[in-house]
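The letters A, B, C and D name the chains in turn, as written, and every chain counts its residues from 1.
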Amino acid sequence: MATAAVLGASGYLGGELLRVLSSHPEIEVTQAVSKSHAGARLRDVAPQLDRFGDLVLTANAEGVDTDLAFLAQPAGEAMTTVPALLERGVRVIDLGADYRLKDPEAYALAYGRPHEDVDHLAEAVYGLPELFRDEIRGARLVANPGCYPTATLLALAPLVRHHEVVGTVVVDAKSGTSGAGATPTPSSHHAEAAGTVLPYGTPTHRHVPEMTSILARLGPGPTPLVFVPHLVPLVRGLLCSIYATPRPGGDAAGWTEILQDAYRSSPFVSVGPVPRLPWASGTNRCYLAVQSAGGVPVVFSALDNLGKGGATQAVQNANILLGLDERTGLRASGFGI
Amino acid sequence: MATAAVLGASGYLGGELLRVLSSHPEIEVTQAVSKSHAGARLRDVAPQLDRFGDLVLTANAEGVDTDLAFLAQPAGEAMTTVPALLERGVRVIDLGADYRLKDPEAYALAYGRPHEDVDHLAEAVYGLPELFRDEIRGARLVANPGCYPTATLLALAPLVRHHEVVGTVVVDAKSGTSGAGATPTPSSHHAEAAGTVLPYGTPTHRHVPEMTSILARLGPGPTPLVFVPHLVPLVRGLLCSIYATPRPGGDAAGWTEILQDAYRSSPFVSVGPVPRLPWASGTNRCYLAVQSAGGVPVVFSALDNLGKGGATQAVQNANILLGLDERTGLRASGFGI
Amino acid sequence: MATAAVLGASGYLGGELLRVLSSHPEIEVTQAVSKSHAGARLRDVAPQLDRFGDLVLTANAEGVDTDLAFLAQPAGEAMTTVPALLERGVRVIDLGADYRLKDPEAYALAYGRPHEDVDHLAEAVYGLPELFRDEIRGARLVANPGCYPTATLLALAPLVRHHEVVGTVVVDAKSGTSGAGATPTPSSHHAEAAGTVLPYGTPTHRHVPEMTSILARLGPGPTPLVFVPHLVPLVRGLLCSIYATPRPGGDAAGWTEILQDAYRSSPFVSVGPVPRLPWASGTNRCYLAVQSAGGVPVVFSALDNLGKGGATQAVQNANILLGLDERTGLRASGFGI
Amino acid sequence: MATAAVLGASGYLGGELLRVLSSHPEIEVTQAVSKSHAGARLRDVAPQLDRFGDLVLTANAEGVDTDLAFLAQPAGEAMTTVPALLERGVRVIDLGADYRLKDPEAYALAYGRPHEDVDHLAEAVYGLPELFRDEIRGARLVANPGCYPTATLLALAPLVRHHEVVGTVVVDAKSGTSGAGATPTPSSHHAEAAGTVLPYGTPTHRHVPEMTSILARLGPGPTPLVFVPHLVPLVRGLLCSIYATPRPGGDAAGWTEILQDAYRSSPFVSVGPVPRLPWASGTNRCYLAVQSAGGVPVVFSALDNLGKGGATQAVQNANILLGLDERTGLRASGFGI
């Protein structure tokens, strides 16, 4: 049984981590950190998490001495927390953006501040197991991808690797509002968000460099992206509709086959009919489908932004780090509705 | 053509007032006040209100010299604004709670602060036209009821007047989240509000004294209320399900008749089948229905919390003040869906 | 490992049963029956249930020879299916209404047709484990309660047993639309249901006799109910707001204590703060809270209508039948959002 | 005052027509046809439409002798209704698809049946006033565009006319479920539709030929479309996110200017900030915005699928036919929320 700490325990990703880990047979959460609720019992803050008994939330990472730490903190905090954790021998899975870009300049450009832990950037492994399972196995520091990059890269990576895609790719993403986090804002205010579809993130969403940098590692050259996220009136769930020009002769049937081959030994990625978001809800599943529209293949990629797009993927990474079957604690089936 | 000012123009009630007044044939909005957006053009803050052309939002009520002022300000501001307006000869319709209770002690108890304009409390008329049309006609200061009291009182007032109700009445209210206002809060955060039904306002909702004080004026004695509001995942709309013990012999058919009689000359109140909320959306309509459940009559009362529960009722009051047909500018039919 | 069949596998309750059983360590679903999808592979009908591999849906119950059968069929079918199953030694958990009322006259009155298996009515055990755990243990035939009775009875039973409640009780229920089943109807059409709160079931909902008959077994006399269910724009989840007159001296604190005592050894029922529906989503949990409103105690009861109000409760019953810890396969924590 | 008939009065478009016409100062609805509700009073079928008094629904178009007829019938019915109406001198605005394509072969291909009124195809005018106002003025038969073509064409037409767009255009559309009509289906069942985003209409949506045929009339050559509609969990409202490759040098600022110029004298089309769907709700407004994403311009087009995408646009066409100001009866401002 490995011990684990969850930092950022009162946010949505932190809560989802705790939910999943509450029935994980090989990982025991022994510490939980929340600045905003330090001193409270976890079960008083989150009554649905009563399986953690009398676990009390602590204020900071200083006392964390577990085998693993899951970091679900606000942007920019991980890079001040990670060095000490690694020094104490704690293996880290960071659900934030701090270690996803290798290039500190790119980080500064995307996030508007300098990177404060350049030393560990090179060491960090991009935690998308279906693409980088081998690198993750021995890592001390895993940069867990964001929800949009996970959905987009699982759809595009095999196609880019096979040189199936020509020119710019359009990714039109539709996300539930939990992806925006637990802090109330005007655009996530119910009366505003419930009655519309809100495109945002223009001119450039922060996750675009994360996606293009990974695609550049896989393909013959850069894959430019036009990425437009939209908030839709759902809580959980994310659908990317991906429009790419196929190479001459490329079609939906061929793309389906390439994706099926790519994920044959990946238990969490399915390629099949047009997905419904509840299938992925609360799970580590990503559902891909290729359909033909107007004569060109369109790829749909669906997942739970808090699941495969966040917390359950972090647990999958933890399983790999620990040498466990990557499905451990992640076998629940999704909802029909 | 009367001139009007809207104070609190960037809130939800203020926006709805402006929407309705934008096509009112006898009232012209010439001033709009918004602390938070002072200096901006209204149409830049609310592009859907482009019919107001280049009207600019101003910071406070000092310059207001219109025939009428609609006050849709945060709680507690009206009582500091009203005296000067009245002195300048501006007739006031206050959509907030400051002038709804006659008794300053009751106000202090419900709202947690002393009343600052006791002088005008006695003069204020409770602006529920179906009950107090005659008093409103000559008023300088109208206290426009809240959404819950409007829905509840329109259902209960005729029954209480006819001594049809015995003992405590249970009002289980379901409201869209726009009733909570435009300021983001945890309970109105989309990811929190969209997936649940949230009872709130216990032990006592602030609107209860407003309802019981009016019922006490109408009936033979006090009518105790157990009032529990619930946020439901809707933006607009409010349904009250009202459970009252009938006098011996009282039944659903009799109550339907009493309500129909009471509102025969009230064009905005209908008594008929179980209502759908869109019927009332954006309108000044209240739909009442009486059904029998478990042998006792249950009354359903539906309206738009921003409409008959707020802005359109204020316009109805304005029409009455101005001696117009009370339907002026309020003739739009509701939605089917 | 016990074997199980699910009848009605393509409905919402059937799907939820299969979802939960897909990771149950002691029950293996070896047969699944669906009239409408007979001949298809389950995973083609429900791609999220791919853990069942190549299990094929069959047309009827004739071939069912498992240890257990879960019946999630349309109303009235169970009573034609059960006799043969029992004869073949299959233990039955019926999620429908056919065996919930002991009195065939009451059944005929509520459901508008005569009961066709009166022989087994007496034998059937009402499957609300928190109240009738001992009777369930040895049963061959369990009548799993409906969602509304589960939520209502868990709240009221201890209070009625302690003579805390006087006179008629009002139950105002708010339910997600999945409770209405998978068959499209006008009132569950998205464009109709998404924008309103729909009271229905008047003058008498079919579940009322189920509730009153159980309460009559527990208390000193009949407990009349005024029960009004409302569809709210949610998929899963059910909240009952329960208004009962307390005995003289009864109050919210006392009721909280009584409920906490009653469920101290029931792992799926919690008594605490006002619940959020996602806490129960996909789980077997029921969350109770007592608040004071207008001076009287109000009880809120929340659960997932497909979970504790249906499929997971059926699995809890199965666990009890099989002599397992009743939490087996039901340990997942609920969602925060 | 012109007289009008509404055929298909109990559908969603028919209901919206009646709602808007109920306060139109120059058009009086004197006849309403509904196969499914023939013989009933309109106000009993749709209580929110009580302004029509005792108007009774009739079974078919035979008795229609009004100045105008609005046809909101199921697909394929208009072409059997129109000839007789025209012969009787009734001017027709068809909200369905029967007269939108000039080429009967294209019709047969898109709708899977032969066209039955080829004689009037040539005469029919495509009722998108912002593009074809002059043609509409004198028409006897107007083919009112669908919601998707209206949103797409208003965004693209000026750009195509100015040769701003190169190659294939991707239109990712998000629509509320009312666009699917009032007939319950599995994909519009609340429990299915409320929890997901559903791409549909692949491989080719029926509205694509309507869009490409109009674009071909405007531009230098064909504009191929990849059009993918998605159902989102909203009732009303439609957002198209439009991705087109600009000509060299083309950018968001230039496109904004072109669109603003194009609609300077069109009161119902605005070009400005990213729109919110409630701004258009119940109105005849279309809100366009151009944003830069990943260096290329993206156009957003928002309207109410039942409004500018259907019923209010039909009224706009009627106004033009009748020589009225096209804004008559359509001046209501949209909602803020």
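By definition in this document, a contact is a pair of C-beta atoms (placed from the backbone, for glycine too) under 8 Å apart; a residue touches a chain by one contact, two chains touch by 3 or more.
Because the structure is predicted, anything quoted here is derived from the model rather than measured.
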When B-D and A-D are ranked by contacting C-beta pairs, first place goes to A-D
Of all the other chains, whose mean CA position lies farthest from chain B? A
Mean-CA-position distance for chain B and chain A (Å): 45
Chain B-chain D separation of Cα centroids, rounded to whole Å: 35
Any idea how many Å lie between the Cα centroids of chain A and chain D? 40
Two or more other chains touching the same residue: where does that happen in chain D? 12, 178, 191-192, 195, 233-235, 276, 278, 337
Which of the residues in chain A end up touching chain C in this complex? 12, 15-16, 18-19, 22-23, 46-51, 178, 235-236, 270, 272-273, 275-276, 278-280, 282, 285, 287, 331-337
Per the touch rule, the chain C residues reaching chain D in their complex are 12, 176-178, 180, 182, 184-186, 188-195, 233-235
Report the residues of chain B in contact with chain C in the complex, numbered from low to high. 168, 170, 172, 174, 191-192, 195-204, 208, 224-228, 230, 232-234, 237, 239, 241, 243, 245, 274, 276-278, 281, 291-296, 298, 300, 337
